[in-house]
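Structures are listed in the sections that come next.
In the two assemblies presented below, subunit A is common to both, partnered first by subunit B and then by subunit C.
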Partner chain A sequence: MRTFLLRRLLLAVVVLFGVSVFTFLAARVVPADAAAKWVGPKATAAQIARARIYLGLNDPLPVQYLRYLSGLVRGDWGESVVTHQPVLGDIKAYLPPSLELLVLSSLLAMAVGIPLGILSARYQDRIPDQLSRLVAITGVSVPSFWLALLLQLLFFQKLKLLPVGGRLDSVFRLAHSVPVMTGSYVLDGLLAGDWALVGSALKHLILPAVTLAAYPIGLVTRMVRSSMTEVLGEDHIRAARAMGIPNRTILGRYALKPAMGPTATVLALSMAYSLSGTFLIEAVFAWPGLGRYAAGALIAADYPAIMGVTVLVAIAYVVLNLIVDLVHAWLDPRISLR
Partner chain B sequence: MNHRSIMAAVLLPLSLLLAAGCAPKSSSTPPPAQSGPQVGVYVNSSDVVIFWDPSDSFSNEIIAMHNLYETLLRYNPATDKFEPILAESYAHSTDAKTWTFTLRKGVKFHGSNKEMTAEDVKKSIERTMTRGKGAAFIWDAVDKIEVKDPTTVVFHLKYAAPLDLIAASSYGAFVYDVDYAESKGGETWFGQGNDAGTGPYTVESWKKGEDLVLNKFDGYRKGWAGKHFDKVVFKAVTEPATRQQVVNAGEADFVNMMPYDMLKGYENQPELAVRNAKSFENLFALINTKKITNPKVREALALAFPYDAAVNSVAQGYATQSRGIVPDGMWGHAASVPQRKTDTARAIALMAEAGAKDLKVTITYSSGDDAQRQIVELWVAELKKIGVTAEPKGMTWEAQLDLGKAKDPGQRQDIFLMYWWPDVTTPHSWHQSMFHSEKDVSFNLGYYSNPAYDAIIDDAVKLAGTDRAKAAARYAEADQLLYNDAVAIPIYDIQYARVVKKSLKGYVDNPSYPHVVFWYDVYRE
Partner chain C sequence: MPEPLLSIEQLTVTFRTEHGPVQVVDIEQLTVGRNEVVGLVGESGCGKSSVALSILGLHPAHAARVGGRVVLEGRNLVGLSERELQKIRGSKVAMIFQDPATAFNPVFTVGEQLMRVIRTHKGGTQRQARARALELLELVGMPDPAGVSCRYPHQLSGGQRQRIMIAVALSCGPDLLIADEPTTALDVTIEAQILDLLKQLQRQFGMGVLLITHDLGVVARTCDRVAVMYAGRVVEEAPVADLFRRPAHPYSRGLLGSLPRRGQELRPIGGTVPDLRHLPPGCRFAPRCPLAVPTCTTHDPKLIDFGSGRSAACPVVHAEEVGVRD
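So, the complex of A and B:
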């Protein structure tokens, strides 16, 4: 186990080094001058020249890269050329809302997708399977932007049940002192025992979380169904049935468990993607997450910010893949962590 | 972990979620409760604050900054008069190189609660100049700032300049408590969402990407008698459809940007009104005078331009065709300069007179700007009719600018589309930046060089500080020269359209302070 972790950590360092080289070079070859960005649209040539010196853009490329790399290691991820704020500080501000959304939507995906998948496998090619297929296909094919607007129209405009966007009610915020601990209002509310905060935060989370969960619900449903269908046809399942083991036990213990490995893999990949790939959902729900930050950085050609988000997403992929491997080993003892 | 515990871990947060969702009607649905403090809500189409440091501020944040900070003067372009804000009065020498401001007494800073003095004015402007960021360049004319006594500050200039307009600028002219801010950490402290101004409101809370809440400053110089908002909430809602829903639900008092096609829906609403206002922002095309040297060809390109389609189809009527390069409503606007109309036959004739055949031109524009893209596409089709093949190039602003400044003039574009708006409310901003001869290209991206024109605007800027009427006449003269030489195609002056609650009273649009609501002056009826 220790060797496995050590090997994966070393591999992670290599991957992250590669990502840092790639993002650094990509930022240098695109046709936009970071110094011009730094000083703004009406800057004079002299101001741009001063900014080039300040940003170290006149130094040779290897020197610039080494400075960037040592900064990354030391926790200095550079300054945004648009806001002049430290990129890591920005990421720290925008990451908690994203994680909050991501965790809830993943739980939702599992809570809906797994039972639907089981139902589908259990009643293969019958009505429950067809209905679950309909849900799954709708989930993966409906554009998130459109779904978000539909949900807003229904739950905010028509039913007046849920807020249109943001993380907290304006009125609530004006009258309430919000504790600052983790940056996740739900978690902060739970830690502080502030149920009003938890309630307000959860209300705001529902629509974006449901929208974000639509795709992984479809994915998880289909993955559970196909894995379980395969397992249900195997000899040991037939043997179990012949031995009179209850169907519930067969489904839960013998068929579902092996199906969870591939499901965990797709869910983890979907989560890592969603970390910065949710800008449309975040834009519709005025959600101040990493996706919106990344999209803003892309539009403004804010390269230090883009590089920062890329490195973060790479770290997320590495960590989630590691977790998936551990989950695989836990679910299936035949897989050894060597 | 068995299956039950897995299911419990998954279902517990979801049941919480469900409970929250089934709770009574969301408290965010109704507008902010007005039984307590009066709360005004401003919905912005992008993040409200980019720069917190008042010296560096050069972006959206002025919509909040002008409620937190004040300037010496405030300019009213409708009357061409200055409202005394932190300065009670001012005077200048006959050569407009020495400007003396007498400051208001009893003005207090937020945070320190210290009374503002001339020393604070000097320190604020000097800090802005020293940092050299944002709009610091507006103070380029200042040689030194002298404190005569606690209420008198004198600006000595290197050359004649309209310092009253500069001191009233929407960017980079704020006065604040430098000592207090620096003692707290300066830029870092500002960056955490703090302020040190004298304005009617002070920051109550702010979190990156979320609402900015301002609270009234009890020590404000004008006091709080009468109708005023106690708090102001600035919300960033980037998605237009969501903005529309926020407006429909009555959650916003003022929305600064709505897509043109959504505005029509608000025209007959009982509680909402669409307020159109002139702006000092315009769109124009600069023609490369070094490549397209024949004025007849330039004139032909201008006559092939689809003016009506640009104004009525692309801007959907929320713009007016420009007359001259300086927008209508600003002093120095040349009302006498003719407006061109699309005239394909005349354009063809001019091309023939100039002997121009098989002309190929490249037109660069901002790729993210849909209006520019549509306009260029329409123009390309019109140019084809006069025998000109145009290649549109949508680029990021930086790339567009880089190409315009390419060391090899042969690589540069033929036509450059861009917007301009002033930092200081003066026509000089357009004339100097885009058309005055330049040794190194900065913004003169039509590469126009005309000594007669340069002499006029060099004279006009000197007059701007002493005799604005004469200066305006000189700028109009310069604008006529630009028309005669057909070096630029003024396209349209943009109109800002806002959706405002009819119950919001006292709001007056001031194009010198784009998108700013001076919240102290407005109230809810």
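So, the complex of A and C:
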């Protein structure tokens, strides 16, 4: 176990090193001039030249890279060429709302996708399976902004049950002192015992989380179905039936547990993607998450910000991969962590 | 004659395949008495496992159709609901499979799996089930039952796994044990140990056992009575000693002839097992039979009772030949 963690840590370092080289080079080969960006459109040639020196753009590439790398390690991820704010500070502000959304939508994806997948495997090619297939295919194929608008129309406009967007009611925010600890209002509310805050934050989370969950729900449903179908055809399932183990135990335990490994893998991949790939959902729900930050940076060709988000997503992939490996080992004793 | 524990009557098993239905089992009669070990022997693919699975209704409904009767203690099991069958499986009738490596769920400990069977049929607390599980592991000769129960299947040897499978099968005191090639996946020394264990436990519990095998050596070692199967049918039934002394059906004679014995040449049966999709008319063994007469390829032979527990589905052999006096 310890050697496993050590090895994975080493691997993570190698991967992140590769990512840093890649992002650095990508930012250097694109045509836009970082110095020109830095000083703005009305700057003189002399100002641009001074900015080049300030930003170190005249140094040899390896020197620039080493400076970038040591900055990354020290927590200096550069400054936005647009806002001149530290990139890491921006990411720290945008990350908690994103994570909040991501965690809730993943929980939803499991809570809905796993039972649907079991149902599908149980009633293969029969009506429950067809219905769950319909849900799954709709989930993965429906455009998220359209689903978002539909949900807003229904739950905000018609039923007046849920807010249309944002993280808290503006009235609530004015009347309430919001404790700031983790940056996730739900967690902060829980930590401070502030139930009104938790309630308001959750209410605002529901619609964007449901929208974001649509795709992984479909993914998880199909994955659970296909892995379970495979397991259900194995000898030990017939043996379990021969011992009189009831069907629900066979489905819910004997076939489900071996089927969860592949499911964890696809869910983790979709989570890593969703971390920064949810611009549309965040835009519709006025959600200040990483997706919007990344999109804004892209449009403004704000290279330090783009590089920052890229490194963050790479870290997320590495961490999620590690978690998936641990989950696999926990689910299946034949996998040894070496 | 007392009512047998298990009586199989006119049993047919038909698989749905891409090439249409294929009937792989067609058995007139097969019985297992209380406290009796009956061998069901035949070449691979002759339908032995299909018989075993149909006794407990384990064929998937969409893949196979089972006809006829499987009467256990006066009750026909064919056509029972899944719920009724569940109560019988593992408690009144238990089953052991060929490959103990794949018969256990790989992601739960053997102890968990054993305890779950116990609790499914006997209820009780986790603690009671655990105590019973340890007792059973000891019964089947596992050293360190507590340690073994925490192991996963892949951490045990084939012989250990099969012992534990026997513990699972015996956990609820079944009246009938179906063992489908229980030692085929094991090496010879382990095979002998497992067979001896089965025999000893069978005597101890007074179970009826249907022992399925393709190995006449296993039959000789373990069984009281034997039914020989060929291409889905039982072609001969006899007390074990009688079969070995004076086999009646030409197929049985061929099988025994093909047993390597000292001072005797190996005589395999000529020809191949017929394709179940294109069975020859008349006797299914006729194309390979050295004793076949013209009527063999036109008339379906029925089992002829020679008395003394002997019968064979062959019109050519006579009672005198098998040593039964009329």
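Please note the rule applied: the second predicted complex is superposed on the first by the 338 of 338 C-alpha atoms of A that agree within 3 Å, B and C clash if a C-alpha of one lies under 4 Å from a C-alpha of the other, contacts with A are read in each partner's own complex, and residues count from 1 in each chain.
Keep in mind that, in the parts below, a contact is a pair of C-beta atoms (placed from the backbone, for glycine too) under 8 Å apart; a residue touches a chain by one contact, two chains touch by 3 or more.
Note that the structure is predicted; figures quoted are calculated from it, not measured.
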Original post:
Here subunit A is shared; do subunit B and subunit C fit on it together or clash?
Top reply: fit
Original post:
For A:L107, is the partner it touches subunit B (first), subunit C (second), both, or none of the two (neither)?
Top reply: first
Original post:
Is A:R133 touching the first partner subunit B, the second partner subunit C, both, or neither of them?
Top reply: neither
Original post:
Using C-alpha centres in the superposed arrangement, which angle lies between subunit B and subunit C as seen from subunit A, in steps of 10 degrees?
Top reply: 160
Subject >> Residue contacts with subunit A in the superposition, subunit B compared against subunit C >> reply: B
**OP:** Using the superposition on chain A described above, determine whether A:G165 touches subunit B (first), subunit C (second), both, or neither.
**Re:** first
**OP:** Answer with first, second, both or neither: which of subunit B and subunit C does A:L331 touch in the superposed model?
**Re:** second
Original post:
Is A:R67 in contact with subunit B, with subunit C, with both, or with neither (first, second, both, neither)?
Top reply: neither
Original post:
Which partner does A:I245 contact after superposing on A: first (subunit B), second (subunit C), both, neither?
Top reply: second
Subject >> subunit B versus subunit C as contact partner of A:V198, first or second or both or neither >> reply: first
Subject >> Minimum C-alpha spacing, chains overlaid - subunit B and subunit C, in Å >> reply: 12
Subject >> Residues of subunit A contacting subunit B in one complex and subunit C in the other >> reply: 253
Original post:
In their shared complex, at which residues does subunit A touch subunit B?
Top reply: 31-33, 36-37, 39-42, 44-45, 47, 50, 82-85, 90, 93-94, 97, 104, 107-108, 110-111, 149, 152-153, 156-157, 160-175, 178, 198-200, 202-206, 209, 252-253, 256, 283-286, 288-289, 292-293, 296, 299, 301
Original post:
In the complex formed with subunit A, which residues of subunit C make contact?
Top reply: 53, 56, 58, 82, 86-91, 94-95, 97, 99, 102-108, 113, 116-117, 120-121, 152, 154-155, 168-169
Original post:
Contact residues on subunit A for subunit C in the complex?
Top reply: 234-247, 249, 253-254, 257-258, 331-334
Original post:
Across the complex, what residues on subunit B touch subunit A?
Top reply: 3, 10-11, 13-14, 16-17, 20-21, 23, 25-29, 32-33, 36-37, 39, 41, 47, 50-51, 56, 58, 132-135, 137, 191, 205, 207-211, 213, 231, 233, 235-239, 241-242, 245-246, 248-249, 251, 368, 395-399, 401-402, 423, 433, 440-443
